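Once you've had a glance at the structure underneath, I'll fire off some questions.
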């Protein structure tokens, strides 16, 4: 046999990415840019030296978590467009704890991280409970919750965490994820320990969904609520739980920014897009834990690398946006790639 | 200012906010009624805004005062073509419709900004010189109260939005086309066995959603934003999606939902001037539209039934 | 890609910049080079990013440099890109790097702390560090004059202020504006509203609708793209009724163009902030070895770094202009201390 | 000989399976032609080819002697071929009329001329004695009515050749009788009918000829007049099949399930179970006979905890079950073979193996401390697959991929294996072929003989008569009478089910 199914499953995303990059190259060429230079600049921007590598990983960190958030909900049949808002409240909560207490690190840092997860979970709980009890469509509620989160966080920064300032003070070092060691290893990039949390959470998601009875229930409810009810599962509880866990992942993504990258929270004039990009990351990663990690890596690389394209190769960063979109399309349309494979397979026999 | 005057200023303002959402939501209704989730409404609006503005800037000398109208037509056409990408992916290639919609959002913004850079050599276009203007309807605007409320300072596009909502309602609920469209979204196989071309219906519906999304985006650009940049369409498409679901996939429901959003936003702005809300802290007014929406859903709108086949690619003969 | 000649890629710093021994920026003028990092607005935001870039370009022209050779910029897509971009430019051996916008302040402090040999400058904020020059503008002074213009122009004795996101920077505009208005006529009411976004043209339009309906006839906006909605509404009213007394005061640069309605124009004036002047100025100082590290530079009316546009000659009558000149005089002389926060404003207004 | 339909050497493949392998089918004008075969034999596939839903890989179709290239249902409609599908092709939210005219709507000024359509539907309905309300919504009418709508759909399009794919599987005896009348009147008008059914009795009753297919291959065509059910069955299965299930007389013991004065409302809030009383003892099978819609579903949902009861009492071994959660009900010793296997019985996207532990996954040995033990799960699953003859490539195959009969066997295996005290079997053999039915009946009797109580709900009188030790007739939310199968006949039962209380229980 020419290709095994397993191999096709692995090859499809790779081919999609290559097709996406190829299309990007064609566009560059068409508009008079040098695709080789363009991609070289992108590569250098993401991996050119250990500094950029560190920054890329830093960027990947929240993407993993927001991707997990979206993926987890989708696996249970819920579209969580509210990751953005959950990131906001998570960020806010982590910074709040980070600036409000002076505690030993072993308590302070976990507490701040936990606060973020709880805040995100709460923000997911609201659409979850409304869906479970009243059947209100989670898509609308989460969209609305994003705006509420944005405005409330801004207000909290201005009126509660500070006295009318745009930005909170820096968190205490005891609550910080930043690491001298990681930074010095990467020429003072902002790489922080959050990546460990993100990877750990990916493992947690994989374990919970695939190995635990809770995951069994969640997936079952995601596929067929009637059968789940018949089988004695509590459908409402599982819907709420799915949103709560999803929200917690998103809240952690916020903590990565609050405790890692920035160390403070500021008044935001709009969305961060960490949550919205998380939708793309999750879908690129086929809603699996490992897939999300890889997709986040791809996404982070492209985003960070793109920053280097205008200075080094004169290519506008927007082009990368197009490439990302095309990659998503090719992944989404994997049916057609699979079809081509099967044709080959048939003829190859 | 009396309450009647306040209402007179709130209504047209709310409609300005609502009209782009109405158009786009109508597009969403078409698409989702045919069974194709359209989370790419945001991207379709972006495309519409981009094309509308660029066309206007380029051809103002040719079309003069008619330019805004021609521009929205062109934006409709281009966005319809653009929506074809979503159609091909989600109908023919059986892509996950949510994924494909997300890609549409990225793609539209990417293309719009990239081309803006190429053509204008900067991050946003110039401002259009002659956008849509609000007008008073001669005669009707003289009617006491009603005239002030409904016939003064309205944009023609706001009337168009309402008219189109009614038209779409008629199409979807009264015509053979609409019956077929709905059947395709509820039970594509049943439609197929009745000799309806499921793919073709879905293609048409998705392209219509593109046209309407493009209309929404271009109307927004040519009444409110007046130029195109990365900050022109920031979430309106998602609000339109919310209006589709809020309105229970019904054209008039979507109309109502969009107008509801418009009023909620207006109230949050106008509220600070109303005696009732004077002492309410700003933050509450800010979040009020969103909280109200959730409350309305939880309180009395409740469970909405999506078209049954929504999100499922139709594969001939699958079980 | 350094083997390719010409084209877009003229950056000698590019990939070779990482090796320390490459002679760095061998720009036309000695080996001084300068770059800037935009905030998320982008280099062509028709606002301070653009203005800053124009300053760099002017500086480049003066010294025979070209983009990529001697000066360049890096655009940020999100808040988390600032540090990355600053670092990139440091690694490309730029001597002086500007951070445009207060949002970059923590990033500049962080990176400047790591690279003591590079000069940094932050626009619109104050950052700590010996190798950082803080460039701020006395927007309150310019806004004060905008207030004077508004007060002179209003017939209804009601004027409005539309802010983007409520915060220290925009409060400066607000305070100056209100002070200006009240200085001319304490009885004029100033309606202040924030859109909580720099990108919500729809909200801007709603706010403007509300204000104009209430009788406000001059609106000063400091709200980025949200202001587009304010212009849209003013133009709308003007188009319907050419006699209507509605005005917008633009911000950051001359927004005359935005105000045109047929033959008339609703842009009364604009509070122009010449970031270009400051950027050029600091670049020159730095090149000449006089980098004002650790200093806070305040550019104001006296430096012509904030000013009032006079493009709309029809609307900005002699009377108004002379009044503006009068107050400008007082401010520059120090006779009037323009408030820059809401608290100072309160004291100021009470003292009138 | 003039055939209206000839399908010659038809071959249709699906990925990994040949559903039709050189099948021939010739239908004469004016006949009712049966198509017989086990589950998965390829009957529906063949008919879908004829109707243009599938394109065959090979073969030729002739309609009225002329070669036809049926590329889609429109072509079929044009050729006068209409099909009533196994799974109804009706849009739930549409009215009867809308469903019928869909695709060929009468128009008036651009809009659907509903008035005219309704009138036409009304006329058609009267002409064939179908008696449907043109304005009713599909979701509000009974399955039998829905089927008539399907028939009307074909008639409305002027079909001369009608395909009925298992029309009787979902009908009540009364409805079946009416359907047979309808079919007879159709052929008397010169129309031809192809009828797929697993019920040999029906074939004997109405069909002229019968084509048998087995595992995708055509076995041959016989004249019904020259054959009998036993021959047909062995032709189809390829071995001997026994019909009436052998069973010893029941030995009922103590009462397991007892229901007192139960009242239950349906989704719309209408009371459907109205003060029902029923006992089921260990070691007996109690069959509930009744016309669909008399509260049977609500009754079962109430017992199993899927629906709240209004009042009354349900007890198992004197322990109250009333308004317990489904989990608690299951744990107290009740198994439930649900009526709708796709909606309730299975998570179709889970592997069949994981479906085998749908209610017991949380317990040892399938999990421990909340962590699943897939080794044990699949071990169990493989045992059940073996024991219950579930035909599947392996335990990791998604349930969706299995045929209906095998899905049902999997459910039965799962439910019986939990060794419950009470098994509730709702339409356990719906749509299954005789072989599978035989198997399932055997298992239920075995369970009875092990001393379990079995509550059987079926709309098929034959099944009720064959299996039950005691028949409880349900009408209008109550058990109106109880009879012994050996003391009654289908005729009397039918009358009782229609609410006719003048028939004395036990018959004369």
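Per-chain numbering from 1; labels A, B, C and D assigned in written order.
We adopt the following convention: a contact is a pair of C-beta atoms (placed from the backbone, for glycine too) under 8 Å apart; a residue touches a chain by one contact, two chains touch by 3 or more.
Treat the numbers as computed from the prediction; the structure is a model and nothing was measured.
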| query | Which neighbours do chain A and chain D have in common? | reply | B
| note | Relative to chain D, largest Cα-centroid distance belongs to chain C
| request: Return the chain pair with more inter-chain C-beta contacts, choosing between B-D and A-C. | output: A-C
| request: Just give me the whole-number Å value for how far the CA centre of chain C lies from that of chain D. | output: 75
| Averaged-CA centre spacing for the pair chain D and chain B, given as whole angstrom | 45
| said: What's the distance between the Cα centroids of chain A and chain C, rounded to whole Å? | reply: 34
| request: Starting from the mean Cα coordinates of chain A and chain B, work out the distance between those two points in Å. | output: 28
| message | Touching at least two other chains at once: which residues of chain B meet that condition? | response | 231, 234, 286
| remark: Touching at least 2 other chains, the residues of chain D are none
| request: Could you tell me which residues belong to chain C and also touch two or more other chains? | output: 196-199
| Can you name every chain pair that touches? | A-B, A-C, A-D, B-C, B-D
| field | Interface residues, chain C side, partner chain B - complex | value | 41-46, 50, 193-194, 196-203, 205-207, 209-210, 213-214, 224-225, 228-229, 231-232, 235-236, 239-240, 257-258, 260, 262
| field | In the complex with chain C, residue positions of chain A that touch it | value | 33-34, 36-37, 40-41, 44-45, 48-49, 51-52, 55, 58-59, 151, 154, 158, 164-167, 187-190, 257, 261-264, 266-270, 272-273, 303-304, 306-308, 310-315, 317
| message | Please output the residues of chain A touching chain B within their complex, sorted ascending. | response | 31, 74, 79, 81, 126, 130, 134-137, 139-141, 143-145, 147-148, 151-152, 155, 270-271, 279-280, 283, 316, 318-326, 328-329, 331-336
| Footprint of chain A on chain C - complex, ascending | 1, 4, 7-9, 11, 14-15, 18, 68, 72-81, 83-85, 87-89, 91-92, 102-103, 106, 111, 114, 164-169, 196-199
| request: Mind listing the chain B positions that touch chain C in their complex? | output: 1, 5, 9, 12-13, 16-17, 121-124, 126-127, 129-131, 133-136, 153, 220, 223-227, 229-232, 234, 236, 265-266, 269-270, 272-273, 282, 286
